[in-house]
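Two complexes are shown next, each including chain A; its partner changes from chain B in the first to chain C in the second.
Now for the complex of A and B:
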């Protein structure tokens, strides 16, 4: 045996101690996987390069909001461009990029590194794993869909001279902001999870997520200008950006502009809600099915 | 080494102390179970796994006691399927498995808190540090955060990782990665560890150290170990018991010693002229004799003709180099046909 190993041997001989403390079981497994995945989504505990993309994208998504707050703070004119009802229009592309960057990280990494058997061979059920990962991704998306809106809400109140008056006039918006933010986060989390979990290859799933989230709205635009009619109505319900916009407008009881794809379809906005729920359910089921069937 | 009874008693007293401290009740129950079933670690009954194209396990029934057990078999014999069923990674087509007193098929998650698994393949996320990863794995096993950190530091030290444990695992050597893999299987203080080819890819020195760690884990830490390997020399060095699988069926299971039992063949090595006459004399006396590479093999039954052989050697003026009763070697397990033929040949002639 080498000299180094012998030297180390003297340290080994402190003896092995058994663990006599508590074992918290499944709940602890679930919570720690959730926390670890959420940290991983932002590259925490990893090298600096892993943090760059997620943090940059979140900042990019927050930029319009911060800009508006800055303008509101220095100019006396009440020029509000971003409203809760149209906030999503400003962040949808950055949201899609964030999904494409982070979902493969959360759902393909353990397959690529072959860490999955270690999870499944512990006191964790396969569905627990999927739920923890989905929850972590949805939580990460809230940093884009909800957090800037809350900042905006508080900022708008502080910018005006009358904070109490602002809160009194706008308190109705708060639950709407939260509900729409959560729905959009869960909706996008499930779609990108369903895609991101299908292959261990990160590059493929990144491209596929971009295609499904962003390119589909290009398709919708083309159909809106050419075919129209019932086809457009169906397509609009299936395209994530359009369906999500529809749900948000419906929640805020706002209208859509005539010249948008959604406006051209002439669809009743409430129909977007069951459409979003259905797509969320199907994509969540696809994710669960993937991890239930995966041979590890 | 302490006896089972002593270890069980020590374990029970630990459990009692813990219970006095008012900590988790279900652990107390489990530990009592463990004390009761200390002797039998694992029991399968008619375990069968049929894949669309192949039957991986075919009515496989075995009982395994605590200690270090080697699971051997050629590639595709069903070793991995067997380990994966215990781990709940594969669902058997039919049959039953009891591990540590749990029904492994119905109470998988509860059971797996007490199992550590080291896969054969790479399984480490290379972009995090060993500390971060092993501590995360401990928490996945249900350990609270602070305890997980403490155990991680201890376990990594046990497997021989020091300052480098704070570095990204990307830069680790194969030996270091194997140590981290072992550490993540040990960090939650399991009652049973399943090691799939733990020395895979290691150089001779790394292999020695890994086997030493496995032996210490089994003997000194008192953790039952099941280890699969296709290297018999490793199994011989480390294991107390052996389970041999071939074609999804149990070939044999028992203490290591029983695999190297004496056979009914006497090997005599002699030197000098007149060996042929010597053999002829033995044959005339009614013994079954075969000559093989300067060694005369004599089939012995109840007769025990040692004195006759000695006298014959002396009569022909031969030099007697060696006379011994042949032992079965573990290698025979992997060429059973050859061994059978040999025995058959000797008996037939």
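Now for the complex of A and C:
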């Protein structure tokens, strides 16, 4: 009531409350948007049905780790079937489906619900919005590209009788796991963000993301079988699954099997790294451009 | 069936962007066939067309993907846009709505996959001296039948959940593509496997080229069971659907 009395000089007092607290500014809105988007990626704060798919997909991506740890727990010999260098082979399809599920949720929802003007009317700038969303998606993807491997690393160490010896033998794997996991997460986040931000319709972007991530790998496989040569080399660099595999193998200093598409291409693995960086940069730029140009 | 619903759904599904996108998808196998013809000195054309073009590309990826797009969109967009209320409040029996939507989704899927098959297979076989007509016929019949089963399943799914597209993707790309390879017993529960078996049976394809785990007759029966079951469930679920329930 006292607020109401203080509101002076108004023709008609609508009774709006004034905000007298601390204004937290651009930085705080950025951090809240990041945190809110990350929670939204897993359906936290939404109804139960929105949580089912992300959680199921993350569990699916952890399945190889759980299987390996189960084997390690039961079998007496030190049997490492799933190596960190080839973990991506097991989770790539799962990762793509997670991207297709989450990217439209993060990048199209505000366009569909027409909530973007509310964000842009605040201290938050358009690029801040894009960065916060991209960071949230990349962080969410780490739950697939990094977390299972960290669990596997720790679990493998604990399963053996000699923890210190294990750590001594395999310590180099830890930075490799982290670096490759982060690169793959950012790479896939930028690709799916570039697609997911183009249309407000969830179904369209989901389908487009699957086409770009999964169907291109079918193309690579057929090209590898029928054409080969320079065509295959170019295709391999452009197909997200193949390029990502190449970078991971390069980071782990591992070879590729001859019968895989990457092996058939005969490409030097390090070339995949600049290819991945270029695609990441272009797709990130497309995402920024979309939100800069969008009329809200 | 209801003519108006069929007409409206067809106009909805054949929207410009979607048709363009699917036409691009259809161009993929045709492109493969051309590339194969240009580089096929020492490869067996019959084997390539069967195993790569049909089993892996057309039946394995394109057919389920296109069926997923049309099957979930036919009724799913009505729920998403909120127009389902107007559709369901008309005095049209629910089974007629399901039938109309399903027929359009099926026709659209079958059309695109048929065009892709009919154009790409002859290009790849041309000049190789192999008579692949029975094999191609077998696959075309199998594709049309499987398109119905896929569309029925995905249509039913789109009534059950708003996340039908994602559930369908998990089914097509994880269950059918990955898990059936790891646990071959699961091949008894995969529409893709049924369609390959059906093509193998109808097209009289030799066992050296493909050797499906399920017999042709079993596959045909299972496809019918799945289709009828999905349509039944779709009608039942649509009958119980309530406004604001899109989960």
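We adopt the following convention: the second predicted complex is superposed on the first by the 278 of 296 C-alpha atoms of A that agree within 3 Å, B and C clash if a C-alpha of one lies under 4 Å from a C-alpha of the other, contacts with A are read in each partner's own complex, and residues count from 1 in each chain.
Keep in mind that, in the parts below, a residue touches a chain if its C-beta (ideal position, glycine included) is under 8 Å from a C-beta of that chain, and two chains touch if they have at least 3 such contacts.
All of these numbers come straight from a predicted model, not from anything done at the bench.
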Should A:123 be classified as contacting the first partner (chain B), the second (chain C), both, or neither?
first
Which holds for A:101: it touches chain B only (first), chain C only (second), both, or neither?
second
Between chain B and chain C, whom does A:23 touch in the aligned arrangement: first, second, both, or neither?
first
Touch test for A:46: chain B only (first), chain C only (second), both, or neither?
first
Have a look at where A:259 lands relative to chain B and chain C in the superposition and call it first, second, both or neither.
neither
Comparing chain B against chain C, which has contacts with more of the residues in chain A?
B
Once the structures are superposed on A, label A:223 by its partner contacts, choosing first (chain B), second (chain C), both or neither.
second
Intersection of chain A residues contacting chain B with those contacting chain C?
47
Residues of chain C touching chain A in the complex:
17-18, 21, 25, 28, 32, 35-36, 39-40, 43, 48, 52, 56-57, 60-61, 65, 69, 72-73, 76-77, 80, 161-163, 165-167, 169-170, 173-174, 177-178, 247
Note: in the complex, chain A contacts chain C through residues 47, 49, 52-53, 56-57, 60, 93-94, 96-97, 100-101, 202-204, 206-208, 210-211, 214-215, 218-219, 221-223, 225-228
Note which residues of chain A are touching chain B in the complex, please.
1-2, 5, 8, 11-12, 14-26, 28-29, 32-33, 36, 45-47, 50, 109-110, 113-115, 117-125, 296
Would you tell me which residues of chain B are touching chain A in their complex?
14, 17-18, 23-24, 27, 87-89, 109-110, 112-113, 115, 117, 119, 121-128, 132, 136-137, 139-145, 147, 151, 154, 157-158, 160, 162, 168, 184, 188-189, 205, 208-209, 216, 220-222
